[in-house]
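In the two complexes below, chain A is the common chain; its partner is chain B in one and chain C in the other.
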Partner chain A sequence: MANLVMFCILAVVILGSAVMCVITKRIIRAATFLLFVLFGVAGIYFLLDYTYLGAAQISVYAGGITVMYIFAIQLVSKRSLQGLIERVKGSRVISGLLLSLVGLATVGVVLIKNNFINAAAQVTDTEVPMDQIGTALLGSGKYQYVLPFEFISVFLLACIIGGIMIARKEDKK
Partner chain B sequence: MFDFSIVTKWFDALLSQTLGLPSFWTILIECVLIGLLVLTAYALICIVLIFMERKVCAYFQCRVGPMRVGPWGIFQVFADVLKMLIKEIFTVDKSDKLLYAIAPFLVMIASVGTFSFLPWNKGMHILDFNVGIFLVTAISSIGVLGVFLAGWGSNNKYSVVSAMRAAVQMISYEVSLGLCLICAVILTGTMQMSGIIEAQTGPWKWLVIQGHIPAIIAFVVFLIAGNAEANRGPFDLGEAESELTAGYHTEYSGMGFGYYYLAEYLNLFVISGLASAVFLGGWAPLNVGITGFDNLMNIIPGFVWFFGKTFMLVWILMWVRWTFPRLRIDNLLKLEWKYLMPLMLIVLVLTTCCVAFGLTF
Partner chain C sequence: MNIPVEYFIALSTLLFFIGVFGFVTRRNLVAMLISIELILNSVDINFAVFNRILFPAQFEGFFFTLFSIGVSAAETAVALAIIINVYRNYHSDQVNSIENMKF
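Right after this comes the complex of A and B.
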């Protein structure tokens, strides 16, 4: 019962903030509502006893990505993003609806056809210890993920170098 | 050693067995009570810290500090709080009202959230997750957003400049703060707060002694970075009065400002508390391997040790704050990115080598 109550609260927060994030006119408010959506998702992870994933969600998304968005918003001109009004055409509404239906159908089929939920429901509801996660992330055996981990670090390095290349001032020759 | 879990177990049994409540109501009542206790402790510690800051500051500047309200001025802070509570709250024209209203709460969430992780005594942890330390750094990063949205929402150019500075500073110093905590995690082998303290009980087991050179460097860097993270001391660029009026909370009055004030002091306490928990053993008493001395030290309850260590560190940080002049923003960032962070990366390797070759005590 407690889980259900918490889930309902989180669901209301997530859905309400998501809708507000889309319909608000001020871009920095949209970023703030996005932050609440991400908090809500982190809350669901905690509800599922996925504390590591919840902590990573708060740390990476709430602490990192949202701050990055807000900094990026600072870099654009104030007038170009404040109080923009867009006329919504009928054809775009229909295409949007169709796209979301396709998305819903995909998610639904994946959820029904896949045995993931049944498998997950059989696992006992306990917190996964931290050292197990660490071993899985950095081990090279079966069901261990050192290759993606290292690949992501190379990818991040490439991003950093690219960022420096874009940001640095050209030397005057 | 006084174990606080006796009290919590007794209370749990009282609710669930003696009163016969179902588990839902038991947990609900316990959660509400703990929430109230945390907030009360938060407010009380904040009052103590503000009074301490005023007196310490006064003595460093050869003054006597507040003396009028009550003997030795001890009721001064209560008068301040009363004043702040009854002050009129006004909003700013053309500001973003929603963000202006939300921002103090984000700062408070970050502050109360990290505060709840402090280990007060054996068996007296409020939040004790498996990922403890990681979650502390995650929650503390919410504060950046609160500061930034306050500056943006105030519609004031000084506030925006100050918010920019504070956000940049907090994001930068989080890096070396995290690296210091990783060093501690490597040495103790766990991320859980209670586990970190358990690893430091016993003769000569405090982390600064157990991990000798790397742990001592990490401890000092942690204090420096923590001071910057809390926007205090020589790093209070976010609220440099002479340049930016009052910083990102210029446009806040009454309790809106009060929340920032509370959060600033509690962040100081949280940083000191984390440093004392992670590096100085938290509630672990000083043991030297001589049975008589150890038994004597073990009689002293854990929370006395914890508060003693924490307030010693708070005092050191205040000493630093009222001694050094403020840095310039580029010097501040240079200190972090060119000195502290590379140093911490080297220390991280050094710690790993020490642990791998068994060179710890």
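Right after this comes the complex of A and C.
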């Protein structure tokens, strides 16, 4: 019961912040509401007893990505982005709303007609042990993930170099 | 763990289509990127929930979510670098300003 109450609170926070993030006109407010959505999703992970995943979500998303957004918004211009009031055409809002509702109806009908999820197992409220996660993350056997782990380190390095190359000022030739 | 799995899936579906709505509606590059983050988060919730409730003994969804978080961090960094560069060249941050792809 407590889990259900927590889930309802988190769902209200996530959905409300997501709607505000999408419809607000000021870009810095959108970034702030995105932060609340990310905290809510981290709360969902904690609720699922994936504590490590929630910690990763908070440290990478809320600590890293949101700060990057804020820096980009502050760096781009004093005038343009910070106090930006974006004009949105009404026809575009209607078409976007229509597209979202049609997609939502499609997915909802598929979920309602399909009852494979009724066979859900009852999971006990136990946290996933950390040594199991570490062994699976750095092992090289079956169902172990050292290759994606190494790959993502190389990928992050490539993105660092690419980001610096793209964002730096070009030399005056 | 007595929350039905449908609730989680309904939550992630709603979050996904809120993100789609934002992506279609907004014309600011940073706002579109924020909408993409919403979509990615809803997909991550789905991975974690399916892994936890349907196959609690395995870790595929867990690690997929973990790596997805890392990949989206890298994607955001590169996309923000591109947006800063676009702003520097065009003095605008709307997608309509980038009509020609030549430099």
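One rule holds in what follows: the second predicted complex is superposed on the first by the 121 of 173 C-alpha atoms of A that agree within 3 Å, B and C clash if a C-alpha of one lies under 4 Å from a C-alpha of the other, contacts with A are read in each partner's own complex, and residues count from 1 in each chain.
FYI, a contact is a pair of C-beta atoms (placed from the backbone, for glycine too) under 8 Å apart; a residue touches a chain by one contact, two chains touch by 3 or more.
Just so we're clear, the structure is a prediction, and the values are computed from it rather than from any experiment.
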Determine, under the contact definition given at the top, whether A:138 touches first (chain B), second (chain C), both, or neither.
neither
Looking at the overlay, what does A:55 touch: chain B (first), chain C (second), both, or neither?
first
Please indicate which partner A:130 is in contact with in the superposed arrangement: first for chain B, second for chain C, both, or neither.
first
Please indicate which partner A:35 is in contact with in the superposed arrangement: first for chain B, second for chain C, both, or neither.
first
Between chain B and chain C, pick out the one touching the greater number of residues of chain A.
C
Contact-wise, after the overlay, does A:64 reach chain B, chain C, both or neither (first, second, both, neither)?
both
Applying the touch criterion given at the start, work out whether A:152 contacts chain B, chain C, both or neither, answering first, second, both or neither.
second
So in the superposed three-chain picture, is A:93 touching just chain B, just chain C, both, or none of them (first/second/both/neither)?
second
A:74 in the overlay: touching chain B, chain C, both, or neither? Say first, second, both or neither.
first
For chain A, what residues appear in both contact lists, the one with chain B and the one with chain C?
1, 52, 56, 64, 128
For the complex, which residues does chain C have touching chain A?
1-11, 13-22, 24-28, 30-31, 33-35, 37-38, 41, 44-45, 48-49, 52-54, 56, 58-60, 62-63, 65-67, 69-78, 80-85, 87-88, 92-93
Write out the stretch or stretches of chain B touching chain A in their complex.
24, 27-28, 96, 98-99, 102, 129-131, 134-135, 137-139, 141-142, 144-145, 148-149, 152, 164, 167, 171, 190-192
Within the complex, chain B is touched by chain A residues 1-2, 26, 28-29, 32, 35, 51-52, 54-56, 58-59, 62-64, 66-67, 70-71, 74, 127-130
Could you pull out which chain A residues touch chain C in their complex?
1, 3-4, 7, 11, 14-15, 18-19, 21-22, 27, 30-31, 34, 37-38, 41, 44-45, 47-50, 52-53, 56-57, 60-61, 64-65, 68-69, 72-73, 75-77, 80-81, 84, 86, 88, 92-93, 95-97, 99-101, 103-104, 107-108, 111, 117, 119-125, 128, 132-133, 136-137, 143, 145, 148, 152, 155-156, 159-160, 162-164, 166-167, 169
